[in-house]
Amino acid sequence: MADKVPVGILGATGMVGQQYVRLLKNHPWFSIAYLAASPKSAGKPYEEAVDGRWHLEDDIPERIRSMPVGVASDVSAAAARCRLVFSAVEMEKSVIAALEEQYAAQGLAVVSNNSAHRWTKDVPMLLPEINHEHLSCISQQRKNRGWEKGLIVVKSNCSIQSYMTPLYALKKAGYVVDRMFVATLQAVSGAGYPGPSSFDMIDNVIPFIGGEEEKSECEPLKILGSVKEGGIDNAALPSITAHCNRVPVVHGHTACVSLGFSGEKPSLSEIEHIWNTFRSEPQELSLPSAPDRPIAYRHERNRPQPRFDRDVDKGMRVTVGRLRHCSLLDIRFVGLHHNTVRGAAGGCVLTAELLKAEGWID
Amino acid sequence: MADKVPVGILGATGMVGQQYVRLLKNHPWFSIAYLAASPKSAGKPYEEAVDGRWHLEDDIPERIRSMPVGVASDVSAAAARCRLVFSAVEMEKSVIAALEEQYAAQGLAVVSNNSAHRWTKDVPMLLPEINHEHLSCISQQRKNRGWEKGLIVVKSNCSIQSYMTPLYALKKAGYVVDRMFVATLQAVSGAGYPGPSSFDMIDNVIPFIGGEEEKSECEPLKILGSVKEGGIDNAALPSITAHCNRVPVVHGHTACVSLGFSGEKPSLSEIEHIWNTFRSEPQELSLPSAPDRPIAYRHERNRPQPRFDRDVDKGMRVTVGRLRHCSLLDIRFVGLHHNTVRGAAGGCVLTAELLKAEGWID
Amino acid sequence: MADKVPVGILGATGMVGQQYVRLLKNHPWFSIAYLAASPKSAGKPYEEAVDGRWHLEDDIPERIRSMPVGVASDVSAAAARCRLVFSAVEMEKSVIAALEEQYAAQGLAVVSNNSAHRWTKDVPMLLPEINHEHLSCISQQRKNRGWEKGLIVVKSNCSIQSYMTPLYALKKAGYVVDRMFVATLQAVSGAGYPGPSSFDMIDNVIPFIGGEEEKSECEPLKILGSVKEGGIDNAALPSITAHCNRVPVVHGHTACVSLGFSGEKPSLSEIEHIWNTFRSEPQELSLPSAPDRPIAYRHERNRPQPRFDRDVDKGMRVTVGRLRHCSLLDIRFVGLHHNTVRGAAGGCVLTAELLKAEGWID
Amino acid sequence: MADKVPVGILGATGMVGQQYVRLLKNHPWFSIAYLAASPKSAGKPYEEAVDGRWHLEDDIPERIRSMPVGVASDVSAAAARCRLVFSAVEMEKSVIAALEEQYAAQGLAVVSNNSAHRWTKDVPMLLPEINHEHLSCISQQRKNRGWEKGLIVVKSNCSIQSYMTPLYALKKAGYVVDRMFVATLQAVSGAGYPGPSSFDMIDNVIPFIGGEEEKSECEPLKILGSVKEGGIDNAALPSITAHCNRVPVVHGHTACVSLGFSGEKPSLSEIEHIWNTFRSEPQELSLPSAPDRPIAYRHERNRPQPRFDRDVDKGMRVTVGRLRHCSLLDIRFVGLHHNTVRGAAGGCVLTAELLKAEGWID
């Protein structure tokens, strides 16, 4: 453990924070050195701080139970103990933005689950299999802000991850997707805890999630963007229209997608081949949390399904199915991913691994 | 009761058949005179035939409990007792088609829930608020087949009814919808009984319903078609692409819809006005089962929702909400209807009322 | 409406408060004259105050939409407008207790959903079909406190109402139940709104409800008690042991009950007869909200079930089934009632009707 | 693999059969050598036979996909390939009883999930942590039937396993439980596939499971019985009364239990200690499927819960909680186990391991 990078978890008591605790339990490169949450948890042992709201099937790891919880706003406490922090705090957006900058100013790498810095031009919104080369912005980010070792990298909204890697795989193979229709059926865990009331979700669906459609339509353009003068220039395409729904599912976001190509169009069998053979940086580098196969296609006509496909490959794979022609655009398919693993804590741990493997943290 | 039209229910023991029994309980124009089902129910009192599988909150009406159940294939038994039959049998499609013709040949009006005759050119696929004038085909239908008083009218698939009336209201107001994306979140009752296993539906969604996407894309074109030489000529537009999903909801199909206009485009407020003021033949004729308002718009940003909106206006209303612009087509909205009432038994009773009001049955 | 008793609803925006609004919509004796809630709703029209949290299938009644909402602590505002208030506020127990006394001191009849005064000796805990004669305490209650016209009556916890009326019917028929084992499967609406998180209730049950087992074991003894010197003397029997569980059901508490008799034991068929023929004061007086049959037995071996039996007889009936012998005590059965209607707002409206019919309010 | 015991799975395509396939995938002692099911699956590769009804999160193991499926009634096919068969067929009880005897007559060890032989006097109904010494009946069983190497051992109903080990641990510690109330909340997977309809389970509970209460009351007496002249003499105590309910949970049976002692009564803390330190033969022998801790107590006041506790310790542990006094008997608690692992396939694999470890199969 002596050689592992000491890391901290900000917002350690929440739904995503707990997933970090679980995922980092026996991590080969990182060791949990610090936990922080809101002032009301401060000073308590972690076990006591999450009493009555530990949401995972696994028990709290033995070593973590008695670890005292600090306050997320106490930047120096983290700086004294960690080299990197995972940020999953729940605060006002502007407060989070400022806080994450303070952490970075203290020399910490900040890998954030929050939306506060998603649209900061020199902050990469990373999906490691897609835009790993956006990490090159970090040099400019440091220069812009006078940081020597600190850095901020963020993840995108979880709603888009059921289709972003499949979409990117097609782009990488040379096909241009210019239009996209997406309807999502999203799990309740995506709303944090307690999230939607059971009174509202039993025998019901809610065809609205605040801010989710806007994020689903805009964030892909930054992820697919290119680095220019140390900042991200958004891609112009595809045009996306999203319908986001909350359904009574615990974990696993399902997306029904239609997409259209400009220029050459791949055949269905070619698309399937592209997806099934897709590999990227995390696989090349054999990062510990990388899925063996970032995308896998299932032939059963009624798959993917959240309960049966979300946990495969450590919860880090996107499962696709039902590839068929579309009468308005070109093709249709269904994509699914685990929203609190691939789409949240797991994705951020993978990003941190990439930062380590590429030398951005030492 | 002496003056009421005696009607029969074929498939009276199933999910939809039971809804007919409930809806016709105190009907002002129709009186249940005959019940039929499969041979294994034959001869039993209705109460015994549905023992252990009566699915409604209301009890079996007193008068119906002891009514003996006949066999659906025994056409003459029905002909001796009824003037009209509601057909909701579960058999091979070709068997149903032939059987419904035999009923009509015996002088009975057949109002069918089944898909067997949906694509028979001289058989109207009726959605009373939309294409009531298609009933004029019946004259030709009788001539084609040598029927004097018999007739067959069918209803469409339930999946399309959350958006067909809203779509038609726009057409009636002079706007041409030429493209449409639909993603449905459909209730389990739409699959009949027992339908999907609870093992498959708890904490899960199934992004596939056999045959449903094809029906959702084709049936609207017949409903929006026009009568030509006593048959229905399908409309050419809109082009529709459908993604159909099964979700853990008991009753109520939700549809996320994007649509595009060719030519002039109405404003959002105009659309809302068109929907809220839409009235049609069933309302003009004050048919007993007609909803006061076939379409109603809700302003709450998270409505419609199945559990809260399906039962309004006798379960016969389409509730719409979330009207907003679409970045790919022109507008987006969410529609919802009660699939076993508006989309099945209730819709057929309304059709039968229209047949009676317009003199097709005496 | 001029002749109706003007009533107020305290806590009008909550889950139970909304049920009052619905139940009193067209009430023949009572008219909603006043609505109150917490300070954050104060001054808003009711429609605005419940925006985004109106939980009922029926729309807000037209007349009520624009009614301004007062503050529950403003006793004089209510006193100026009402003769009776239904209390369903959510506050500290001691604050509620004091507040309800202030309302009564101002001459108002208080019918309370809250537990604050359940154990006040001169306050009847009323279940109208059982202990209507406990209302005689009101004379002493007024004397004790110097109230001229004011009074307080409370209802019991909702968890016990699936078996209290069946239990009492046996007592009334002369049988002494001395021991009782109860396991409940309770609906999420019993916890108010938002109540349990959907994250906790999907694919899960929670075998614990705070304070519920204690209430289930003690409250029956007051309800079955007798009036002595103007206060309630608790009954000594039965001894009850309760296991309370939360299950993913929207409305409807199910109870599995075993009970033992001391002395003579009725046969199963006699018990069924006792239940099916049970009538009490509310039925004799034809109170508007009284169920036609307070208890009804179903013979199907798998009933009662919450979704199918909760709404029968205006949601005011207790449905029982599965009566059979018990190998430890004497008999076993399953009981079910609608917890937010019979067990909350509906039960209180029935109590208010009884107060009116018996001359306690004028 | 050469040294592993070749085993067969009868009923390999069903819910429990699939669990066997999963659990035996990398088993250190057993190797799947044969799969059998009903005639309609016969001859197909396993993957094809379970097409559209493979219910597990894990994929079908690679080696098993192409394995041809035999017919369960073809005893000689199994005898040629296996030394032991796991029986989870779905047939008439008398047919199963005869078939299992034919397998044993052919020299095979039969470990059965079925109820057919549960009440055969010389057939042990094994719960390995409790009555491992019942295996001594096998000698007499072979003598009675003229079998040389064959044998039959069965498991009990899954409904009782949430409380049988906790109950036995108390007995082993010297305390006599003589009375027991049990109310179960059972998962839908306990009914096999498809099991209850989602139409019946959404927003509902079913307070009835055919035959389950009888099994819950009688089977414990055989398990707690003693071997006498090569057969099992049932225990006389405890007297049990059971209320069995189906709830919308995928896996995991919860039991609310009250129990009474005759003679000395342990304190609550002593009971907790007895449970937490309970170990038995499977733990002593370090059987591969044995849970580290057969029983574990959780202190959180709202545990155990099916979704969070069912999978712990390979799904083989019974989790208990909420230990408290009972006002009718002596103590109350809640127990939970995974019904298709501990209560079905996993329990049978553990039994097979015990047979192997104790030399009943070679």
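Each chain gets a letter, A, B, C and D, in the order it is written, and its residues are counted from 1.
Going forward, a residue touches a chain if its C-beta (ideal position, glycine included) is under 8 Å from a C-beta of that chain, and two chains touch if they have at least 3 such contacts.
If you're wondering where the values come from, they're calculated on a predicted model, not measured in any experiment.
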item: Of A-C and A-D, pair with higher C-beta contact tally; value: A-C
item: Chain of greatest Cα-centre distance to subunit C; value: A
item: Centroid spacing, where centroids are CA-atom means, of subunit A and subunit C in whole angstrom; value: 48
item: For subunit A paired with subunit B, centre-to-centre distance based on mean C-alpha positions, whole Å; value: 43
item: Geometric centre distance via CA averages, subunit D-subunit A, whole Å; value: 41
item: Residues of subunit C touching at least two other chains; value: 55, 200, 202-203, 248-250, 302, 307-308
item: In the complex, subunit A residues that touch subunit B; value: 179-181, 183, 185, 200, 202-208, 217, 239-241, 243, 245, 247-250, 254, 256, 258, 301-308, 321-322, 326-329, 332, 334
item: Contact footprint of subunit D on subunit B as seen in their complex; value: 15, 55, 188-189, 193-203, 248-250
item: Complex contact set, residues of subunit A against subunit D; value: 51-52, 55-57, 59, 202-203, 250, 300, 302, 307-309, 311-312
